[in-house]
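Below: one structure in structure tokens.
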Amino acid sequence: MAATSLYELANPVRFERIAARAFPVSLIAAALLGAFGLYFALFNSPADYQQGETVRIMYVHVPAAWMAMFCYSAMAISSIAGFVWKHPLADVAAKETAPIGAAFTFLALFTGSLWGKPMWGAWWAWDARLTSVLILFFLYLGYMALWRAIPDKTRAAKLAAILAIVGFVNVPIIKFSVDWWNSLHQPASVLRAGGPSIHADMLTPLFFTIGAYVFGYVALLLASMRNELMARRLARMESASAPSPASLVER
Amino acid sequence: MPDAARYTVTLAACDLAVARGGRVIVDGVNLAIEPGDAVVIRGPNGAGKTTLLRAFAGLLTPAGGEVVVSDDRQRVFCGVLNAGKPTLTVNENLRFWAALYGARVAAARAALGLEPVEHRPMRELSTGYQRRLGLARLVLSGRAIWIVDEPTAGLDAASTTAFERLLAEHRARGGAAIIATHEPLDAPGARTLELQP
Amino acid sequence: MSAFFAIIARDVALAFRAGGGALQAVSFFALTIVLFALAVGPDLALMSDIAAPVLWTSALLATLISLEQVYRPDREDGSLDVLAETSDVLALTAFAKATAHWISTGLLLTAATPILALLFNIEGPALWPLLLSLLIGAPGLSLIGSFAAALTAALPRAGLLIAIIVSPLYAPILIFGAGAASAGAAGDPQYGANLALLGASSLFAAIFSPLASAAALRFNLD
Amino acid sequence: MNPKKQQRLILFGGIFLAAAGAVALTLYALRGSITYFYTPSELALLDETPTSPIRLGGLVAYESVEYDRAETGDVVSFTVEDGGAAVVRVNFAGLLPDLFREGQGVVVQGRMTGDGVMTADNVLAKHDENYMPKEVAEALKEQGVWKEDETGS
């Protein structure tokens, strides 16, 4: 089942049809979940026993940090898929994920900094988690820069894919940095052995905002993939006036 | 040249298509090359001769079809660039190639008449000598199938004749060549193919 | 195997000929250190405190500026085709290229370090951790850097792009390298651990870089 | 053996050796534990007190915080402990983060100015991975379920 639906999606025309329907749905889902999430986060969730009201930054910060890593992983997986299955949409998905992931990473760093000042007493600290996320941000920038620099898009897709796969080493480093080094950043609260260490009243708004981020990512990705595919179709139409392929003829 | 070292390598292109910049520029190419064959490819600028040659040489992945060679390590490609380093002398360039191809320098150097300039850095050579150094790599490689782009561009009449003689000797030993050129080339029994839209 | 050493020998020779990158890299290294020293001012105690990070950053930058020379000239003059058609395993060829780059820049920078370290008030036993860390880490810089050079081999002005691509990948080597050099000079017990992680980073680079470079080069032949 | 096979063998042998080396070195390094900060116990184990700036991590000991409102400004001193015998007394003149309180995990940046005495340039509060409303935390404490050593460290 999964395989057939994947290959159905692989066809750009089918993708266009499905994306045209999925885009408004995910956009609405993102807006609704975001609205619920923000309502709970700001008005209907308790203050933390230690951090007080400042804990509410968590509802923006944690999903952003997760999406930062999720997007990079998605990029690396699409890149591998592009090599293994020569999936025609794989490189488009990877390319269009990069700026979204970079934006999430920036948001995670920015909100983390806002959170760090009142809690830790510093806007920034060079600990393993913060440093590795900053590196992730620069990896995104490098990936996007490579795409932009190579004029031939088929070649750009392959080379950028290699870079994305190589840079993926950073993702597990980010995830486990708080366990490997005794860092300033606190260890994992949700995805950890022994269940979440966040109280249920705080977990609910967090799940809402995570949902909003995920659907927001899907909506943005679909929109920009459609854009990119349209741009490529346009380029192909323009080059249609170019001479048709030559062939070797005996003389 | 000892007759014992005869080449027996064949190359075939089946329904080959090549792309440049994501666009297929040549397709439907079928070609079979036997020992002793020479193929001259002609066609207007930008028709895709160089791209096609690179696909024959195995340096470029075809957009469709395939190139089959009976021995993968028997192709040598010489493009319009001479692949030498300007700051190295002729001998240093030749020795480097010799190490890569597992071959010797002397015969190739003599075949292209490079002795007078052997100690000079490549950048000091005239265009003609630079091209001769580039072509020397074909001979030096000892490989069966020469794939050459514009071999005689920038060569004087005597040098062109010298290349034609080398080509004839190579074919006499069972070697084959695919050559793309705009210039007249005297190669008896060569097939001439035209790249046409 | 003789091809492997021929590639190293040729690239090292080219690096020292006119227009080669070796002397440029080492001059740039010296220049950066001097500029740092001028900016820091005359506080000798502060200088020895920051010597390791300054020398490491300078070595990294000097490596960075010479990376464009690794593959682009070969792609521009047709040599890359020759390397590709004579190579049995392209990853080994890429490893030879990275080794040559290390010999003509990293090793040279390491050799110049004892003199330049004097400018930062580092001498005697404090020098050894710095030298050792550069000896272990500089090959990693060349390996990772030559991967970025392979990615951008077909681009005419790739210097800045290489810097953007390679800087995040250089982070572990810089952190552990400068960390080991500082810790070693201060008699800190984390010296060994930093050195070990530096070695692990370089070895890891030795695994991924030739394979990834070979893949990148194949797409840059087209 | 043809050259291609031989070179493949060299490649895979090299990869295997390098991977083994990288793993061995990493394990060695993790055993030595590379740290963002020292705990007081780790600091006590050092042969000589570091002269360069260091980071110190641990818990602020209960009833150890003293404010000295001298004319030079607010100076606070407190003891950092990690459950072991060793403690470090920290002197700090500056703004403390909101989270700073007794029993809280902190990371202190500064220089050692004597045996077990440190002058801090910066005090950062480390918060833990537990998030809960105040009432819940108090209820847990009353029930005795709350383990004090879960905070910080």
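In order of appearance the chains are A, B, C and D, and numbering begins at 1 in each one.
Going forward, a residue touches a chain if its C-beta (ideal position, glycine included) is under 8 Å from a C-beta of that chain, and two chains touch if they have at least 3 such contacts.
Just so we're clear, the structure is a prediction, and the values are computed from it rather than from any experiment.
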Considering only chains that satisfy the touch condition with chain C, which of them also satisfy it with chain D? A
Based on the averaged CA atom positions, which chain is farthest from chain D? B
Chain B and chain C have mean C-alpha positions lying a whole-number Å distance apart equal to 37
Centroid distance [mean C-alpha coordinates] between chain B and chain A, Å: 48
Inter-chain centre distance, chain A versus chain D - centres from mean C-alpha coordinates, in Å: 31
Contacts with 2+ other chains: residues of chain A: 152
Listing for chain C: what residues touch at least two other chains? 204, 222
Shared-contact residues (touching 2 or more other chains) in chain D: 30, 34-35
Chain contact topology under the given definition, line, ring, star, complete or other? other
In the complex, the residues of chain D that touch chain A are 30, 34-37, 57, 95-100, 104, 107, 122-138, 153
Over in the complex, which chain A residues touch chain C? Could you list them? 131, 135-136, 138-139, 141-142, 145-146, 149-150, 152, 155, 158-159, 162-163, 165-167, 169-170
Write out the stretch or stretches of chain B touching chain A in their complex. 17, 19, 21-31, 41-43, 47-48, 52, 191-197
Which residues of chain C touch chain B in the complex? 2-3, 5-7, 10, 13-14, 17-20, 73, 76-79, 81-86, 221-222
Could you please specify the touching residues of chain A with respect to chain D in the complex? 46-52, 54-55, 58, 118-122, 125, 127-128, 180-184, 186-189, 192, 197-199, 201-202
